Amino acid sequence: MRSFEVRNRTSTEDIKALRMITAIKTPYLPDGRFDLMAYDALVNMQIESGADGVIVGGTTGEGQLMGWDEHIMLIGHTVNCFGGAIKVIGNTGSNSTREAIHATEQGFAVGMHAALHINPYYGKTSLEGLVSHFESVISMGPTIIYNVPSRTGQDIPPRVIYTLAQSANLAGVKECVGHERIDQYTKNGIAVWSGNDDQCHDSRWDHGATGVISVASNLVPGLMRELMFRGKNSSLNEKLMPLIDWLFHEPNPIGLNTALAQLGVVRAVFRLPYVPLPLAKRVEFVNIVKEIGRENFVGVRDVQVLEDDDFVLVGRY
Amino acid sequence: MRSFEVRNRTSTEDIKALRMITAIKTPYLPDGRFDLMAYDALVNMQIESGADGVIVGGTTGEGQLMGWDEHIMLIGHTVNCFGGAIKVIGNTGSNSTREAIHATEQGFAVGMHAALHINPYYGKTSLEGLVSHFESVISMGPTIIYNVPSRTGQDIPPRVIYTLAQSANLAGVKECVGHERIDQYTKNGIAVWSGNDDQCHDSRWDHGATGVISVASNLVPGLMRELMFRGKNSSLNEKLMPLIDWLFHEPNPIGLNTALAQLGVVRAVFRLPYVPLPLAKRVEFVNIVKEIGRENFVGVRDVQVLEDDDFVLVGRY
Amino acid sequence: MRSFEVRNRTSTEDIKALRMITAIKTPYLPDGRFDLMAYDALVNMQIESGADGVIVGGTTGEGQLMGWDEHIMLIGHTVNCFGGAIKVIGNTGSNSTREAIHATEQGFAVGMHAALHINPYYGKTSLEGLVSHFESVISMGPTIIYNVPSRTGQDIPPRVIYTLAQSANLAGVKECVGHERIDQYTKNGIAVWSGNDDQCHDSRWDHGATGVISVASNLVPGLMRELMFRGKNSSLNEKLMPLIDWLFHEPNPIGLNTALAQLGVVRAVFRLPYVPLPLAKRVEFVNIVKEIGRENFVGVRDVQVLEDDDFVLVGRY
Amino acid sequence: MRSFEVRNRTSTEDIKALRMITAIKTPYLPDGRFDLMAYDALVNMQIESGADGVIVGGTTGEGQLMGWDEHIMLIGHTVNCFGGAIKVIGNTGSNSTREAIHATEQGFAVGMHAALHINPYYGKTSLEGLVSHFESVISMGPTIIYNVPSRTGQDIPPRVIYTLAQSANLAGVKECVGHERIDQYTKNGIAVWSGNDDQCHDSRWDHGATGVISVASNLVPGLMRELMFRGKNSSLNEKLMPLIDWLFHEPNPIGLNTALAQLGVVRAVFRLPYVPLPLAKRVEFVNIVKEIGRENFVGVRDVQVLEDDDFVLVGRY
């Protein structure tokens, strides 16, 4: 189910050149459906601040809480509205090969520029199975492989990546395992994006990473762009650390969701199993914003401490 | 779940101005999935021949045989690849209000320019129910209502249309009931597209119809455009009648599917419950093509009579 | 995907012997989900009143407003709770052959005793297509074919039924076309259930019909059983006519839904596009109940006239 | 969406009493659909060998590779055919709270006796989120919580279990973390099933575990029953170790799938991302069978070494 219309083709080289990619937040209406107006605003903020690409429906965007129809729709929407201004990378990976095939076909059909693929988390498989899984989808278009053993319970070892590198569609790896692994890849000509905001500065400037696929850039896109584009800047990196530590105090995107709601750019609506950070942490965030400067964060409203009652948690949607 | 990005907005007036709209065929691969390369070629033929719009997943395009995820994907794909050159009208109607709401939201989110809405066929409802059904979706964007009692088992009476006309989103009606009804609407300022290829010439030139939503234009887009744009032309209209009679000998799109396969522009794959026309009818088509002139039909290959064995019928896909 | 466990096998002869089958209503919670407690009560009323079988998710049960997962779940639930006391016939028909295949496989897998199959409404097809459609599913188990041209827009002619009768799985036909057609079938040894409550008495006693697949029996199961089992009874038949006329004043199940809510056996919740009958009709129903006798109707509460505000209409669920 | 029909109610105490539960394998047809005849045979083998319960669609049964409609259908099928002879525990857990709610409602509606619930793997959440997730489903019926950090990337700490133990529906915990944790629970009156075949003997006899939720019992149900019911038996336990080590050489159910195919009780069909063990391992299995005794394994055919070409791997199904 391929299409070769020119609007449906992006070169792998274009993807390899992306330096700051934001794993964009998906905002919700009080009944749990997507809040597309808020989403459009978030994407526009990324474009204005110079992000090169967005991951749609990543773990940060809570792809794991979407039906595939919602997920593909969001990819198609993003391509239609913003595909000329920013690269759209759809997280069409799955622990089910069938679902990954289906979603990736559909994602490329609606125009996504590249696919992000995870190894089969939870169910897991053998190395041969890993290769078969990725080979089922890599022929469809530019592909970034995502390695995050703390979520998947299984490391993707370099030899799997080297096997996949035989395909011209391998754009590179989003790697969370650390600098040594990044070194190994970049020395072998494989593009790497750091998947850890706290390491991305060093990954970029000391270990050859192309850039970052970032959570923090949802909040401070301009500063993250500076970190990736304007040379080594340890003081900026250090300045951001308290924010990054705060963000990952609980599994992502709990911190991010709480932060964006307090910045007034999304409604305070959580799809379960995510729940907001507790009050003490919410107060902490306001102080962090003041420290770094409100003007560096997305949105224009005063940052505020939300009360427990301000949050809506939805289980059916 | 609205988006107000400029790429997601089309004016109802733009839709009202469309004169030749093709209810585009959906072609399949041998395993029953969409053949997007053939589809792209079909849409390009429409654009080159001057069609103003396409209906995606109409009854002609076999929306009733699609999953909603396939259907929305096809709308998104069409918008992404061709939305700048042709208007994309998604058939997001359903006999289930829930499904119509869900599909219409998603269709507009991926950028369709207008929605086509049928009344609840098979299940049917009261007039109050009809109005509630359409009012559940008309606020979402430009809307064409489709009336075809021979399929739905229930006529949409004019008073329902007049009620809906209070919404600025009502673009008009695809009407299959005949000239008297069309007169009634056009005299009241409601745009009408003929849903009957055999009547569309007279509807357009004698009864005030804006144009046609056509099946035949899949085959002879240039001639259908001529019929709709270049003034009264009874001889052309008569010349086309044998083709149109042939096309509707069995329920549409059986004839169309058979014809496009024999013209070599789509694979000879049918999703059940559709099956090809029998051999005698297939021979007849080749003669009709010769009569009207191969050059007036889509595609460049010689038209051929396919054998029974050339057809693939798929029930699981 | 067949199972031959003894709990999964019912003989076609068992199905042919069913005389009073109720097209059971599906009741809803205020958010539109199934109200299983009310449903269980309705089925128990049928069992207590001597119904032989239920159609699950028929047009009366609003199968057309269900997702297939809901529909199969409801079949499985009915089999599990009541399959020992009453025959469970799943309406696993569809205008999409793929969906009919999938649903019928699943329905038999969860233990339904027979399938009800409609011809492809709305999309329609040729006679060859009709046969291919039904042949895709009839091998899976006992099958009743449903002919209702006023809903489907297409009559199933006798020759299609005679072709299908070559399968030992054909249990018979639910026929709505009238007595002449019923005569034709019963003289040829094909079991028929009347699909019209107003004709079923005569169909049964004068035209050889096996029985009825009834809407009215949701309300007056005991009287309908009497009508089907205890010999010709024109006075009872006439006594029921005002109720039956009332029931079908608007497309079914609008009347039924309104009636059951006023009898206090289901919540006054409608899935759109169905809306309640207007007040005047609701008053009429109360009078009909008094005429026929409250004790002949399901439920024990006083019948009441509901106000407009008592009804909940749901579009998203 | 509750049902209180007697056939839909099982007491939590009944679930707590189950000692040998098999995480049953799901066998496939060559096109990837369920092979229900093989499945029925597998379940019958469990019943004959004295298993108390089955987990349907666990990680072993590849629930992660099923659509929810398939999954619920399989639960309903198992209840319908075998629910009188064996307890049916549906793995209706998910990392999406919405999906867990939906599946658990449907699973109990089709008659499952208990639900197995995992914490949100991959996406993960905070402890507060964990509790909210489980509280969204535990009210629906008897519930076993499943803790397997090596798959989920996140341990469920005891305080979460103690919070859930306030619900009368908590049947217990399937625990993979080890003996110390098991001790802690059993001393506090919480029922535990070992989720590790290699530890289950000691868990049962030395640490108070109720029993096991076993993979190996798919192969040697009689021996596993002996291990759980007939008192301490270190020699049997040791005899089984080579088999158990072999089974978990690659992520489960790769070994199990390979073994059952070689025993001739299921077709050699794998849904990707699972692929068979390599030839050397397949030879090893045949030797293990000989060592333990063919008569102790399910099936009656000679165990054989399958060739690479004997296996069918399916990605689309």
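Note that the chains are named A, B, C and D in the order they appear, and that numbering of residues resets to 1 at the start of each chain.
The definition used in the following text is that a residue touches a chain if its C-beta (ideal position, glycine included) is under 8 Å from a C-beta of that chain, and two chains touch if they have at least 3 such contacts.
The shown structure was predicted, so the numbers you read here are calculated from the model rather than taken from an experiment.
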{"item": "Interface copy of A-B among C-D, A-D or B-C, judged by whether over half of the contact pairs recur", "value": "C-D"}
{"item": "Longest centre-to-centre distance from chain D, chain (CA-based)", "value": "B"}
{"item": "Inter-centroid spacing, chain D versus chain B (mean Cα positions, whole Å)", "value": "50"}
{"item": "Distance from the mean Cα position of chain D to that of chain A, given in whole angstrom", "value": "34"}
{"item": "Touching two or more other chains - residues of chain A", "value": "316"}
{"item": "Chain contact topology (line, ring, star, complete or other)", "value": "ring"}
{"item": "Of all residues in chain C, those that touch chain B in their complex", "value": "32, 59, 62, 64-65, 95-98, 101-102, 120-126, 128-130, 132-133, 136, 149-154, 250-251, 254, 271-275, 277-278, 313, 315-317"}
{"item": "In the complex with chain B, residue positions of chain A that touch it", "value": "1-5, 7-8, 29, 33-37, 39-40, 68-69, 72-74, 76-77, 79-83, 106, 109-111"}
